[in-house]
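I've put the structures underneath this note.
Presented sequentially are two complexes of chain A, the first with chain B as partner and the second with chain C.
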Partner chain A sequence: MRVVMLGFRETGKSTYAVGLYGGLANAGFATLKLVGLLDAVGFLNEGLGRLAARQPILRTVDEQVEPIALTLRTDGGSEHELHIPDRSGEALRGTSYSRQWHRGLLDELLEARGLLLFVHPLQLRPGEPVETAQKIVQGPPPADDGDDVPRRWTPDLMPSDVQMVDILQEMVEAGVSTPIRVAVVVSAWDIVDGEEWDSPSSWLKERVALLAQFLEANADRFPSAAFGVSVQGSDFTADDATFREKDPWERTWAVDAAGDAVELAAPVSFLLSGSAPE
Partner chain B sequence: MAEFGEDQRPDQAADGAGDDQVPADAPFPQYESGALLRGPEGLTAPEASQILGTAPGRVVVWAGERRSGKTTLTVELYERHRTGRATTTFAGSQTLPALEARIHPARAASLRLQPHSERTELDPDGRNLLHLAVSQEGSRCHLLFADVPGEVFRQVRDSETEPSELPLLTRADKLAVLVDGELLASTDTRSAAVSFARQLVARLADGGVPRRSTQTALVLTKADKLTAAGGEALAYWERKEADLHDALRAQDPAACVFRTAARVLAEGADIRDDGMETLMNWLLDEPTVTPDPPAPTSSQPADRLARLQRPKAVT
Partner chain C sequence: MRQNDGVRVKVDQLLFGYRDGHELLASSMEIEPRVRPALLPHADARFEDDAPHYLVGTPIPEVQRYLLARIWPAPELPRPGAVWSHGLLLDRASLGFVDPLALEQLFRRPSTESIGESMAAYSRPLEVPDSRVAVPGLPEPLMWGLCWTAYSSTKLPTFVLWGNLPEAETALLTLWRQQPAAARARLAFRTRGRARTGASPYDVQVAPALRGRSGSSDMRILDARRLARSEVPEWVHLLARGAEEPSSDFSHYFRRFNTAALRSDTPSVLAQLWLLLEEPRSPGEVASFVGARFPKPAMMRPLKVALFGDYERESDLWRARDLDRIIAVLRSGPLAFDFQQLELPRRIDRLWEGEARHEMLEVFDDRQALGTSAAALVFDRALASMGPVDLAQRTADWALLSAAAERRPDLFAHAAFWRALDPPESSRIVGLAVAALGEDQLVEALLAVGVDWLVLAAGLLRPTMLAEAIARVAPTDLDSWERAFSGLDADLVAELGRPGQQLSPAVMLLLAASSGMEVVRVLPIASWLPSARLARNRSDLVARAGATTLLARALGSKSKPAKQVMIECFGVVHKALDEVDVPKRAWKELEPLLPDHNSRDRPGRLRKALVARMGEEAWTLDELTRTLEPAGPQAARIVKLVGKKNPLRRGLENALEKVADELVAPLRR
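After this line comes the complex of A and B, so read on.
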């Protein structure tokens, strides 16, 4: 099964790939086992080394994309080949801005049977209204600035949720066949305020509203599930001996849409559950 | 600490548009795939017909003079889905960049001090329909909003253009005559605003608009500005609103009246209900026609006429 990791830059795709591999390679998941490797994994092990040293994963540059190809067995006994081209967010960003599909990205999507769609709480472009900026500025309300628009519209100024819906819609227009499963992965879930949002579902409905609604209304074409994941497990600067003593794959944790604990591999398991064994 | 791919945490501006903009001259050789994504343009009539042939839809025309709030109504009905104020569910849009380009001056990313809607220009290629698909209680409806400049309606009012020359007017499922609350708030401008609406209704009626299949409404925009102007201004509008409503009902006995404040800005305005949900419900109400037949797929010139297909029958 070909799965595409989709997300703008610095949304946690590479980090998740490393965390996923770390768990698979060290028998850390109950629901998914690594049966074999179909491609080199040196870059994933380099990433594991950085996580072990509590260093962030290096950002993927488009020219250095290295695919992930593994054979997995689910807890139901079925085997699947999982192919993930760990595409950098630059291809997606450039596609959205130039309004032309990145050749390689489109080729991957045309062959994809599942999407891991990444969003990062600190990388969201919320698309706040003008009134929000007004509230920050103290003093009387500003006078009308007429017809002037100091920063003209360009596609990259679309809010994050809009850009993601845009790409999903354009995928279908470009010939990507549906239904195609979508696992929405909220990265760095450990930094989300648990008192304000108790689940990825509630967070997405408020912070990435258009995407959440689009997936709900188009569940026939994009069957989806949401997850919150933390590959680092916690703040790297925290001076916690217990945390430091754990292997990096033991630090990871994840929750499902309702906020209940699941394995880090759960997003992949969701995608595979809709796929016939290979 | 967040999971970043770089050592330095990037700054995040309030509108998220700080350092992330792509330079205008950025080279994109690897994007020459030939597969294009939509730009910020509307749909043509044949494209809209394709949509209407697949699912229930409404062609919506806001008829009003320039700056009466036509574009604002459309984009705010869209934007409400992002801000949690909509009671419908966003189901998609084939003019998403177009909607975004038009809402942009109301966003912090535009660097404006006050929200704004730019003046609409008539698209030379006839791409003057904006699309919004919404879902309510499991049912989907396609809304196709005419993106027409106020100048066109000024020409209708002044008999420079016949309503029959505007296919969107004769094809409309929902036709709303707009009156600008900001103009009503001033004794200097309110009589002209009312006169525009009255004459427009009369010219439309002379031209056979609305058709029997069209549902009509009188919509007050910027109701917050009128409310802030005080009791005398409100009383003036109530009298004129009744007159205009009667004029509309002469053509459509079921004509409705709405008061909206798509962007509540006026100081002193006490707007608890901005009227937008009620307006959306009216748009979604079943029209009295059957859905359009599927648009033909041939490339014959006759199929490319800039006219939305008429429905098969009126029920």
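After this line comes the complex of A and C, so read on.
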């Protein structure tokens, strides 16, 4: 089964892949076992090394696509070959910016049966709330003091949820077959947790509202589930002795849409649950 | 070494770095958004070793430029794995001018502290210094590895393993410099921390280590660190040395011919050819090599001209003789060589004119071993240049003879041709020559050679023409005449009978001598007078036989012309009867007309016949003198046949006295 990790830069795709691999290769997960490796995993091991040294994972270079090919067995006994190429977020950005699909990314999407859609709380560009727009539309025009220079619009100005919905719509337009399962992964959930949102779903509905609404309205084409994950466990700048003593895969944790604890592999399990064994 | 040739070259530049992702931060030219994704992969890298920087060179079709970029790690930036990348964009024209090693001097890593000022510096084009960059001393195995990779005919992308990446960067640029602009524009290369198998847009990559699945069929791995000299083909050594020695003879040669880079193996072939030329190889081997690798005439034309063109103009590559070059090309054939462009026809003609004529004849004789076109060319030029003797020595070559008859009839007009025919060949050749030259010219030629050929031409020429020809060349050769006209007498006689037909006295005499009374009676006796006069002072067989027949004819007639003929012929016949003889056939025609059939004294009988004739009409002293003058010493006896009181006696005595010096007077004994 091919799964595509979709997300802009610094949204935690490579970090999740390393964390997932670390868990599968070492402690294992209750719902998912690593049966075999189909491709070299040197970069994953390097990533684990960096996590162990409390160093963030290196950014994925645009030119290189790190192949991740694993054979997994679910708790139900079914086996699946899982291919998750780790591609730079610049590929998606380039697609959004130039309105042309990155060829390699599109090829992967056309074969994909599942999406891991990553959002990172710190990389999110939320945009203005609807009420702001309403005020602009309904209220008097603001005074023109002549000092503001009009800013040229670029795709980077689009709020993140708009960009993500745009990407999903473009996928269908490009021929990606649906239904295709979408696991929305909120990275670095440890940053969010404990604040005003108690679950990934509530956070999505407020912070990435358009995406949440789109997925809900298009559940037939994009059956989805939200998850919050933390691979590093905490901010590496924090000197937490507890985390320093743990192995990288022991530091990871995740919650489901409702905020209940699940395994880090839960997003993948969600995707696999909708596919036939290979 | 090529510099910028005095041309001021400016290149555009790009700066990439991490801002909102790895992106283009500054540029000296407008880069459309849709194009940026094409640039980004080449301006990004993961530093997996302690190399200070990496190098990338690749064509960017989207902007129709070539990108040469240096990438540095940017650990000072907050994003782990961030890099800086400074790229130079070269257009096709610049690629042909710039020294790649000079480009290396332009790379600048931006300073994070003064990034604002740095941006401005990257926003305007850079001028490439017109400097002569010293060729660095590079490790041989590295250059072998890169040259073997770059110039190999395999289409697989290749990884070269080498530990020192800055060294590899300089080596790559040195290699790149060796190539013509067209090849430079296509070659994609980079250095990186680890080699990974799998699809790649680069032709050559250099890395210190390998990662990923080994044994991949879509990529080749060459470990230059362990490359031994003996493993490397000689042509690779040559190319590697040439890359580092741009002023060497080989480099000049390589730059001269490796221009369009038609195929990926052109450089290796050129190197192998150079090695071939350094060895004492025959031109045929060189031609075979070149023809096999550039099998169409239009391929590598300048090289083919330099090797196989006119020696007087093309001798800087090698010193093979013009003859050897031409033979080599002819044997290779027109599939690989353009005969016209190599000016073969002109050069072959020159060889024919010079000292290589004999060799050219050998080539001609052996032309069946050549291909069709080469053989046709050799044949054509040989025919144009061949001499008559050459042709005569090749009469078994009917194709040659036929062609010569059509295009070189002059050869048949040469006496030398006929003289050189050994032995005289069949009448086929004569027939061909008649068709080629026409009778007149052929006869002229045969006349210069001899009567035998005229005889051979008997059945093919008009009888009158043949007769005149033989009469000119061999007026006294009755045997040849009879051989020539054996069976053709009737034709000739028929010609004689044609109104207005006039034959020369020599022909008439020969006719009379060979055919006798049968022919002589065809015409009036007066017609024979010129021939009679011709025979008068001759003693050869033709004269004797002819005169005898004419005399017989004259004795049978009382006409004045008959008398004249008798006057002219008596002396020849009398002397012949006295000293030699006359041919039997002719005597048989004369004998019945002479008195004293029982006498064996033939001259005496003839004298009596003359005296009898003299008694029938008046003879002047001049007539008597003319009659007796060539008759020989026994002619004086004629006096005894005339009585003393006969007035004729006095005339005869006076005539004899007049011609006494001509006669050895027996009466004086």
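Basically, the second predicted complex is superposed on the first by the 255 of 278 C-alpha atoms of A that agree within 3 Å, B and C clash if a C-alpha of one lies under 4 Å from a C-alpha of the other, contacts with A are read in each partner's own complex, and residues count from 1 in each chain.
Definition applied: contacts are C-beta pairs under 8 Å (C-beta built on N, C-alpha and C of every residue); 3 or more make two chains touch, one makes a residue touch a chain.
All of these numbers come straight from a predicted model, not from anything done at the bench.
More chain A residues lie in contact with B than with the other chain of the pair chain B and chain C.
In the superposition on chain A, A:Gln232 makes contact with chain B only, while chain C stays out of contact range. In the superposed pair of complexes, A:Glu170 makes contact with chain B only, with no contact to chain C. When both complexes are overlaid on chain A, the residue A:Glu216 reaches chain B alone and has no touch with chain C. Once the two complexes are overlaid on the shared chain, A:Met158 sits against chain B while remaining clear of chain C.
Applying the stated contact rule after C-alpha superposition, one finds that A:Thr15 touches chain B and leaves chain C untouched.
After overlaying the two complexes on the shared chain, residue contacts for A:Ser98 are found with chain B and with chain C alike. In the superposed model, A:Gly42 lies in contact with chain C only, and not with chain B.
On chain A, the surface patch touched by chain B in one complex and by chain C in the other comprises residues 9-10, 56-60, 62, 91, 93-95, 97-100, 102, 156. Of all the residues in chain A, the ones that touch chain C in their complex are 8-10, 39-40, 42, 55-64, 88-91, 93-95, 97-100, 102, 156. Per the touch definition, chain C reaches chain A in the complex via residues 18, 20-23, 33-37, 40-42, 44-46, 79-82, 196, 211-213.
The part of chain B that touches chain A in the complex is made up of residues 1-7, 9-10, 12, 14-17, 20-22, 26, 28, 30-40, 81-84, 89-94, 96-97, 100-101, 104-116, 118-119, 133, 135, 140, 267. Interface residues of chain A facing chain B in the complex, by the touch rule stated above, are 9-10, 12, 14-15, 56-60, 62, 91, 93-104, 106, 120-134, 136, 141-145, 147-151, 153-162, 165-166, 169-170, 173-174, 187-188, 191, 206, 209-210, 213-214, 216-218, 230-232, 235-237.
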